[in-house]
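Note that the chains are named A, B, C and D in the order they appear, and that numbering of residues resets to 1 at the start of each chain.
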């Protein structure tokens, strides 16, 4: 069976540029049934030397230093945006107008307003689109979705989720520039809210439905940092930490926290959901396990099941190795590529679409407003 | 060395009556150096048969059916209050006025107002007093206090604590009466806030200092339950779940949650504190372990230390067995008895005193007000 | 209901003297339904001052300095032997001949030969007898027994058990004398084999039936230590470490290891049993949990159940607190006292009887012979 | 920098054919500094359709159906053997004689005798060679090696290692043929000994040095299974389970166990090493963590460190993502490819060489002999 090529134009060659590139290269090996095959047509970055080097390392056929040139190329089918959040809006809209499919790294944009324009653009253009909320596609998380959708937990009472890191505690760490734009609200939109809580919120709404109102608190522990663009000490504009509680539309209570000041936690994304019949929990540091509790178990042996999500009947796992053998973080991106390609075959939407991802942006905006105003904020 | 007797008059023979009685009986065996020895002089309860039976089982020399009679007895040194929260105020004040020492089960009372009167009473009477926030005296928790006080964590950024249970999910469970007064706000003051979060708050303020403001959300999932006193379906008046975030006086952020609707968690009291140099966490289901992270560890072996708190140099543990051998929940009460007896020897205060416990009541009241009013509330 | 007194005469006031004494004092409080009540009549030790002090601390009515005098007393119903292993034989036989019940700390004796004489003595005298293999009565271990007896695991393939400690690694630690007789084969009979593996073997045979042959290896890492009785460096005569594999009568394979040279393990007694349908594992450092795996679980949620053994339907737990609240090491002795008292009421045997405990001695002897001879040894 | 191609000829397209192919394709992306780049020149298998299909899926340029033809090709630099164990000897020797580098899946062969011929062949031919004991290159295991080599543990007392699976418990599972040759001793040489314990032994000798003698026990629980080649019930010739204890040359004791009858364990490879100052343990189900205990830690915080091996200063991890993000099983093969390519650059040996892997074969043979003869066997 001859494969259909899908010509990829990647914008940005940072951390996410690597995870996406790896996704494109691995998907055909492990999902050989797919009709489409990604072709690494071009990568684009402002620094020519680094862009060229990235193209050579990853096997991109060509490179560009102006994303507008990339978008204008006829030999590109899909634009994948891996640049800082402040560029998502402009690139995505231009790509959509040029009739390209658009894959955008999360969060969709800095704000709901920016994101809404992007939704309009892709919908008017009628182009395939998706946002890389990759954690949905960790097999254990996909399994959680399946178990919840089967109704195993019954009525839901609680959802709680954390994303804890500790990499910005040192006050000597600067902000801004290519490496540290996530510490600059101008580039990132916000701090942990858009970077980390956005993941928690996307998964939460996927698993547990919409959020109706929020009450939040944010904090910036280090008030000033050297800015890499100005070379001067500048006010830190992002939220270092954010916690919020909320109501879901189904009546359950949500509790979310993220920080980059939790010593001992490198990237501890955790989630737990409690229902009338059972509960589920998961954490990213041990990502192949899902914990599951079922009150209907015989009382003498009732306890949390620690499920090693590696058997062939688990989501995605028939494509990998054998029971007991772990996969890692990067595989979530391979899965998203595979699902995106499959959606093209099937003519379906690869979730989260821009439209779906906009809902997360709305919650993030409400969280930031709530924290700023010290009041509850309803989600429109 | 002849021991000095301390004649105890216990009010209430329920769950807490048992834990306290066990504490009085075990303390002399394991803390033989103490000058005072508790004597189980009398137990008091309204139901004569049950009270008499309890006295026989636990070895109380006598019993009473009216607490006023107990308070009036000359042969009682200390009144220990294990009755529902709505009785704490009256009994404690009467006991203090009668010149008795007062030990009161937590929370101090239903409200700050009730508690404040009790503080005044014991202070005016000049009698020894303490509130049974027993979890301070789990050796692992006491060790956490020691490590924090030594400054090992540095500047504190985060404190988070949960108390999760699942025993009231069944809608057929009634409310009220002797066994289920904790589900009736008239008797208990509140639901999980006063029953469970009060523990979390007491420990938190002991470890991390005062709380300055709170923003909370409560929920009552089951709206009506059969009331055991009226025999009718009645509105449920307690909070089934409560979450709040807050600021501590030291600038750190707090996040607290409690519920009786978290399937799979029987009595999961957890706490975690994150500082600039390190972090500590603990949970009640595995109470002999303390987890500790120190960023100053050599980077190749840096990770959470899982410390089995059973060696002789750990708090209280020189009184028990040998390294590796666990103790349990009930030992926290034995330790509180021992510390109370020691405080009498030394003329010091056995913390938490009524005055200290009132601070927890203030936070609880603020939490309930914040939830009711949907706004931030400052702690006076 | 008037209680029947059971007058206890305790021989030895060391670590085990404390655990047994605590058992006698706690059992009536928590098992009030028992017909018999232990009375701490007398404690016996060679050092008068220490014995008198122990009697005062624990509330023994009297003391003796010669165990023969104790055995001769008319007011003693049961002799409890907590002295070094080399004294078990003589005391137990004398006690039985005097018509006393005999409770003996494990192992029954230094050798099978010594133990066999003791079995004969108690059987000829017709007196109640038991050996304190207390770990059977950790609720999680008792639950394992129940689950296995119900046939939940099906045909058994494997049993493995470790007892790892690290307290003798320091070469400066002396041997012998009152505190360190466990390091002297003359007093103890053997090293880790009789002290620690004996526990593993007793539990194993209780759960999985008899052992038919063994192949073992022992090691003494520190060859000489200062002897506290001679004041000189003397050859170390005990086994510091012992491992063996074996066949059980049911066709399953056994694997056992014990050492006092495993850094990081204070008293890590672990056991695991694998059957055709399921598996069970447990460890002493987290003694309230039992882990259970059932292959018949739905494959999507199949995993080890972590059961917190604290609910009222779990073995012994209806006598303690409420779900989620842990008990500790010492409770296993309280349970053995309660079961012994119950056996007197019922006229049944309190297992392990001397006869049962002799089977463990046989395995220990075979293990030591196998290691010495470097060959397989059949159990008679 | 132009890359030097290394033309790979792969023999076998099963499970290991996939892991190796993935290794060749991933290594250049994540180790771009390497001078050599693998080129997937040809794959060889007896079934033409399957071989052709595999070549298409993985991007091999060509395929062969006779390994002798592959070995004869001038455009192949290295032969990678992924076929059943009974073919390793012949293919490896032919490849060496043809001047090809040889990479051989473990174990080196069915027996020491077969393996010794292979060592001779590659040494006489002077060709680069390695055996795929991939678990050495899990970063956490490589870190263990580094910590031990730095002397952090001091004198070693114990090494214990298990490899537990449960996939052959069903008596209806057949043996033999392409999919189940591991259950047929003619093809595999032995059962769990060569398949699973060989991994444990390779890692053990790498970490802790040579083994001098062994005492073993094996068992075959299911005596007969349908053979896929004959279609008849045939005697099962492999060992279903194997345990052995041993002495290492450094005086420490070893204890090893493997089985495919341990319900609940899919691929639970565990190892633990105990030294005078500290201990290390690891397990494959949670492969990104290493647990480390250091007795020199301050006693109040002394406990097992749970190290998430994901930081850039950990072995191999500077080539992957960021701290906290996990990698998986397959990465160990990518690392072995990278190290093999580097060894070509440097003119060094990529361990384990055939010669080193022969030492593992010797231990396996001794284990099987010991079990068969029920006696201790010295390693030559």
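What we mean here is this: a residue touches a chain if its C-beta (ideal position, glycine included) is under 8 Å from a C-beta of that chain, and two chains touch if they have at least 3 such contacts.
This one's a predicted model, so the numbers in the text were calculated from it and none came from an experiment.
Chemist: To reach chain C from chain A by way of touching chains, what is the minimum number of steps?
Modeler: 1
Chemist: Chain D and chain C are one sequence twice: same or different residues at the contact, by the over-half rule?
Modeler: Over half of the interface numbering overlaps between copies: same.
Chemist: Can you work out the whole-Å distance between the CA centroids of chain C and chain D?
Modeler: It comes to 42 Å between the two C-alpha centres.
Chemist: So what's the Cα centroid distance for chain B and chain C, whole Å?
Modeler: Chain centroid spacing, chain B to chain C, equals 36 Å.
Chemist: Hey, how far is the Cα centre of chain B from the one of chain D, in Å?
Modeler: Their C-alpha centroids are separated by 55 Å.
Chemist: Can you tell me which residues of chain B touch two or more of the remaining chains?
Modeler: Where chain B meets two or more other chains at a single residue, that happens at 265, 289, 303-304, 308, 311.
Chemist: What residues of chain B sit close enough to touch chain A in their complex?
Modeler: Counting only chain B, the residues touching chain A are 153, 157-158, 160, 166, 169, 215, 217, 219, 221, 241, 243-245, 247, 251, 253, 255, 257, 259, 261-265, 274-279, 293, 295, 303-304, 374-376.
Chemist: Going by the contact rule set out above, which residues of chain C touch chain A in the complex?
Modeler: Where chain C meets chain A, its residues are 143, 146-147, 152, 289-292, 294, 297, 299-308, 311, 313-314.
Chemist: Over in the complex, which chain D residues touch chain A? Could you list them?
Modeler: For chain D paired with chain A, touching residues are 15, 18-19, 21-22, 25-26, 29, 32, 56-59, 165, 167, 265-268, 284-289, 308, 310-311, 320-331.
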